[in-house]
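To start, the structure itself, in structure tokens.
Per-chain numbering from 1; labels A, B, C and D assigned in written order.
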Amino acid sequence: MPSFKQKIVNDPVHGFITIPNALAFELIEHRWLQRLRNIKQLGLSYLVYPGAVHNRFQHTLGAMHLMTQAIQVLKEKGIEITSEEEEGAIAAILLHDLGHGPYSHALEHSFSKKTSHELLSMAFMNQLNRELGGRLDMAIAIFSNQYSKKFLHQLVSSQLDVDRLDYLRRDSFFSGVAEGTIGLERIIKMLYVASDELVVEAKGIYSIEKFLIARRMMYWQVYLHKTVVGAEQMLIAILHRARELVEQRIPIASSPRLHFFLSGRTELEPIESWLDMFASLDDSDIALAIKDWMNHPDTTLADMCCRLNNRRLLHVELSGTPFSQERVALVKEICRNRMNLSDVHTGYLCFAGEVTNSFYNPKQETIKILFKNNRLEDIYTASEMLNHSALGNTVKKYFFCYPKEIVGWI
Amino acid sequence: MPSFKQKIVNDPVHGFITIPNALAFELIEHRWLQRLRNIKQLGLSYLVYPGAVHNRFQHTLGAMHLMTQAIQVLKEKGIEITSEEEEGAIAAILLHDLGHGPYSHALEHSFSKKTSHELLSMAFMNQLNRELGGRLDMAIAIFSNQYSKKFLHQLVSSQLDVDRLDYLRRDSFFSGVAEGTIGLERIIKMLYVASDELVVEAKGIYSIEKFLIARRMMYWQVYLHKTVVGAEQMLIAILHRARELVEQRIPIASSPRLHFFLSGRTELEPIESWLDMFASLDDSDIALAIKDWMNHPDTTLADMCCRLNNRRLLHVELSGTPFSQERVALVKEICRNRMNLSDVHTGYLCFAGEVTNSFYNPKQETIKILFKNNRLEDIYTASEMLNHSALGNTVKKYFFCYPKEIVGWI
Amino acid sequence: MPSFKQKIVNDPVHGFITIPNALAFELIEHRWLQRLRNIKQLGLSYLVYPGAVHNRFQHTLGAMHLMTQAIQVLKEKGIEITSEEEEGAIAAILLHDLGHGPYSHALEHSFSKKTSHELLSMAFMNQLNRELGGRLDMAIAIFSNQYSKKFLHQLVSSQLDVDRLDYLRRDSFFSGVAEGTIGLERIIKMLYVASDELVVEAKGIYSIEKFLIARRMMYWQVYLHKTVVGAEQMLIAILHRARELVEQRIPIASSPRLHFFLSGRTELEPIESWLDMFASLDDSDIALAIKDWMNHPDTTLADMCCRLNNRRLLHVELSGTPFSQERVALVKEICRNRMNLSDVHTGYLCFAGEVTNSFYNPKQETIKILFKNNRLEDIYTASEMLNHSALGNTVKKYFFCYPKEIVGWI
Amino acid sequence: MPSFKQKIVNDPVHGFITIPNALAFELIEHRWLQRLRNIKQLGLSYLVYPGAVHNRFQHTLGAMHLMTQAIQVLKEKGIEITSEEEEGAIAAILLHDLGHGPYSHALEHSFSKKTSHELLSMAFMNQLNRELGGRLDMAIAIFSNQYSKKFLHQLVSSQLDVDRLDYLRRDSFFSGVAEGTIGLERIIKMLYVASDELVVEAKGIYSIEKFLIARRMMYWQVYLHKTVVGAEQMLIAILHRARELVEQRIPIASSPRLHFFLSGRTELEPIESWLDMFASLDDSDIALAIKDWMNHPDTTLADMCCRLNNRRLLHVELSGTPFSQERVALVKEICRNRMNLSDVHTGYLCFAGEVTNSFYNPKQETIKILFKNNRLEDIYTASEMLNHSALGNTVKKYFFCYPKEIVGWI
């Protein structure tokens, strides 16, 4: 037997996941990775899709599994990948989500406006690398696209990275939205490297078409489902209100960790100084605060928390064009009068805004198809079906939320 | 269209679940049912099976779905079930899990020694029935086995109730333990009623064999997995320690809800008086307390919370026979000396005990098979394979937990 | 129990299929339906997709199952469907494929140029109706769109009929082409009837998009896979050659049934006179003839049969534009010279032609989506994604087949 | 890229199957392997399980796939397997089923009493090895257990060989009998080699229990399903009758191949002399003969062929004890009188006999479990559940078949 005794983990999505090497095992055991168990992959989507309660820890293991498979496929096709590079790519994908905070994307900017989960992941990786005496040098080089073999970075972060291959499959699986299922196995079997780029062999073109369509369906059916959008906007608003109260020095129950972030000190201090504090924050801090705040004297805060906690969600309209200011003002007026609310309270219950799919998908480069004679072509021109489509574009949607109680009056 | 507009919910296990009537819809919307979203079905099993983070809300919807199907099968076979009875049976199954507290079975007796989740469910149902002006009379009669058609109660609670049909399938699905998969569809198609008893048609006998074997496998691979047992014993010990500190009037951070239960007042006051308090308690109260207590001055509590939160679990031995007092004493001695711990602390890290499968499965009546000529036979005599087996018996296992740090010294 | 004892059949695609009534049971037992067991659903596709050996009998049961489900969904939504109509619609779908001959579509016009499988199905139904004393009157009215409730016919034959819902799912399942999977359950749950038309509720729009895309993928990956097209053209050519030999009075081994059809008498006599003969012909007659003809003195016939039987298939080029006559002539010339063949033999091994997806899909009406306020809209305008696409159009492809032996010379 | 361009085949059971090397590719292209496409894996089981029409070609590819996986798992655990050995083991499994004739086991002894499919497979392998200039030497050594590394033979043929791992999974998949599903992936991950024996790591014990139970269920639900047993006995009887007629020089239509085997010349001549003839025989020869014989002047033959072809099967009783001669005689008497049949005809329609599971499973050695300290234990003592069970024993069942027409008279 090899010196490292392989561990196997059961995963409902991929079956058995083998932890491929000792470094991977150490990282998985680390408290920062374990913390991802307490951060739901899809935020509040479970309010619409009850099964979607999976977390970033499972996703991280899944992405590691796909990375291991993709590397093996490439090696079998003759692409040179050293075991050091393999270890590095696997470590990079294991750590890529460390920077996510409670409820993932929904609250990404609620704790610190000046950063993003990618920047935080980078900070965590650098800190870990110091702890581990440089054993993550390769992983960091790959993650930050500094490494010579560019395709390794593309496995971690690109239109076809193992991150999104796992999350699309996993989100589809747990939400029960079969339309989002992708032909994972075939896509991975079709990967290849040409001109140091991760590409897809021509006979994989239908699988890529299917992948892009499934991705789009997941956006509209799950990620940007109007009820989910409404619930996440409520959550953002609740934290916004809590922060206002803290600024006004109004006492508000919260865990020491959450209190720190509500205080706004993250805007003033460097990431490194509050990294540990961030690492202690997860979904439960928010969930408990919302339960506590249901009885807060501030009626705006209390009302919103009651609604969210008991799933009395707002009514949401979703549209391809912005809502007119007149209509928004009119509905606010109706809301204020019918429900006898303050201006502030009304503003928190009636609001318009916009969402785009790009918040989940910011990487805009394309997928390359490898034809005979080593010709590379962009999927959007290579595919007959996608030829005139707009599947790749960022789509912006406009939402307008207001209480269900006034739906009959509008 | 019928007056009640049917709602459909996506479920990864059963596909689409239709909410069958208006009462069911009202109950599902109720905050007490919504609360089950925050109570994991399998407690701490997710520390071993990362996917097993599903909750009692999903399970409740799934059990409702199976109830609807089972009733339809019986009706198609000519069993008379009125729509009032159907509504009652569905309501009963929707409410059957209301009495579960945080982490389900693991902490069942940590908040109140004198009660059980069944008693609490009953209390919730009675309270709800008052709110709903008696609309749950039929549901309560069925749930408490007061109703004339006994088989309706058996659909809610028996060896073949839709409760366990759903949870076995669901727990298998989310844990990724394929060995636990049961032939749900076929079992339900084979249900029948004879002599007012829920029975299985003879040609369904293999499916029942498979069901009993799958159930047993789930016990040993998931429900009584030794690492899970060890983690749940730690959780129980943590709450026990917290309660000791409260009794000693040592300050300890906790949500108002959790604080109430740690205070021991439940032992003195009637269930009805603290039902609402109980209904506000869920997994997040415990998860947050554990994070907070990682820094508590009591080193015993703090140490255990750090271990559990960061998944540095105890080493667990599992055995069919009790561990000798000598061995336990010896290991404790090694632990105390090697780790330089107090007696109390040692007692919390080294401990032996027992678990049985019956805590999850207290219903001891059997499954009846219906043969030609209306002969009924017990599955354990009807089945060639199970003939001499002990699949149905309560099995007791003995565990012995101690820190991994001392494994090398033992 | 009801007088008709329900039978259950295991189906790997849908799980358990219940035979819903006595007439359905009688029809399924009939030798004409049993014969469909010997007719592969996908002709020679199994030469590329080894799993695709399923037959029209399984498909027929599957379509019956979906019909039963669809009717139940509609009834639950308040659409009136009498039990006589239900029985009729189920009988119609059970009989819809009776007219298929060996290898389904591939040989559709090899046995009789003047007819089609639909006409033959109709002839079989009329004959059966006489046997059954008019019990199929309703089924025939629905099948031939003479019945007042038009939506019943649409369940049997339209863009969303249960025929194609089953075959797309089934062909995807057995071929292992996951890209063709459709959200069957959801589509059926979303069916409704408006203005006596079968429509889809608006919230089912994504499922319909997915369905149309999956259908297209099945065309290109399975139904019109170039190797399959090549093999089927070989099969057609083999039967064509056999017929030529029969016309030239050259002896050729064949079953009495096959001999009848090779003799060309079908062109002269009415369908009714040879219906029973047709009903006795299935895949095995052709398979055996090909084995026998491997040793026929006619080298053209023998060579083609050896190639097909041993899977030494032709090389196939597939293109969106026709192949030039010059190129075809040139390749034929190379083939004749290099392989030293006669003109006739060359013509049977090198040939160009065209295929369209419409041979599998001749029904050109559209799918209607039902929006609020009872507005109906065509899916191709209702869907953002399909808006500018050509998914619905008939696509014509051009093929050019020649022996693999000469690929290196071209 | 490596010199051998890997081919990928879609398989509905395992997903994508990669053909691992050039020799494997050559073998798969060979007409003897292609012939397995025309031999159903489960004989006449499709008359009860309509989906079970899969063939030995698919199974062979599946077994090759599992062999590739098993070898990779073992190599990753440090077991030395050279690429020559790997190629040999893969070739051995590809060829292991060549000796199967039409309808697999059902007719195993209908064409030649003195041989078995194993002996025939061996003869085919030797012949092929001559064609291939000794490239199958290793494969043959492994297949015939002459090779030094015994565990390689066990992968091809033992209680845990990849043959049965594939067929149990595949037969369960296509029949739709979910109870037969096995945890294939986990079993393969748990394989190991100790003392040159193929063993299973202790933590795989539940999967092996499940495997043994699933196997047993497949026996009773599929392989020895009473209706299937009855149909296969009819088929055997039909061929027996045909042979009698040939012996009596009564003309009987049949393909030249089938005619050869009906003539009984196989009993006189060495296997090698009729190997090619055997290789040309498949299910279609039998299927067509049965259709032809439906009109044969011998009423016994004609009647049985009509019954089988039109699925008017015999009534079958199955029992754990033999049927008394008195009862059999009595029923024959009733049959003869009520149906007005000849003695011979009656004997062909009413008959008793026995079947055992061992015809499908002749290998009686056991499965070894590897515990810590390298202790090996037999699964039947290692497993708590199987401890007192008889799952491993050969089970004999007695059947009694007679026409359904007389059921009411008995």
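The rule we apply is simple: a contact is a pair of C-beta atoms (placed from the backbone, for glycine too) under 8 Å apart; a residue touches a chain by one contact, two chains touch by 3 or more.
Please read these numbers as outputs of a predicted model, since none were measured by experiment.
Trainee: So which one's got more C-beta contacts, A-B or A-D?
Mentor: A-B
Trainee: Which chain's centre, taken as the mean of its Cα atoms, is farthest from the centre of subunit D?
Mentor: If we average the C-alpha coordinates per chain, A ends up farthest from subunit D.
Trainee: Rounded to the nearest whole Å, what is the centre-to-centre distance of subunit A and subunit D, using the mean of the C-alpha atoms as each centre?
Mentor: Centres of subunit A and subunit D (C-alpha means) sit 50 Å apart.
Trainee: How many Å are there between the centre of subunit B and the centre of subunit D, using C-alpha atoms for each centre?
Mentor: Spacing between the chain centres: roughly 44 Å.
Trainee: Express in whole angstrom the distance between the two chain centres, defined as the mean CA positions of subunit A and subunit B.
Mentor: 31
Trainee: Quick check: what residues of subunit B touch more than one other chain, meaning two or more?
Mentor: 15, 186
Trainee: Touching subunit A in the complex: which residues of subunit C?
Mentor: 178-179, 181, 183, 186, 206-207, 209-210, 213, 216-217, 220-221, 385, 388-389, 391
Trainee: For the complex, give me every residue of subunit D touching subunit C.
Mentor: 9-13, 15, 29, 31, 34, 37-38, 46, 49-51, 53-55, 57-58, 61, 173-177, 255-257, 280, 283-285, 287-288, 291-292, 309-311
Trainee: In the complex of these two chains, what residues of subunit B are touching subunit C?
Mentor: Within the complex, subunit B touches subunit C at residues 1-2, 6, 8, 15-16, 18, 76-78, 185-186, 189.
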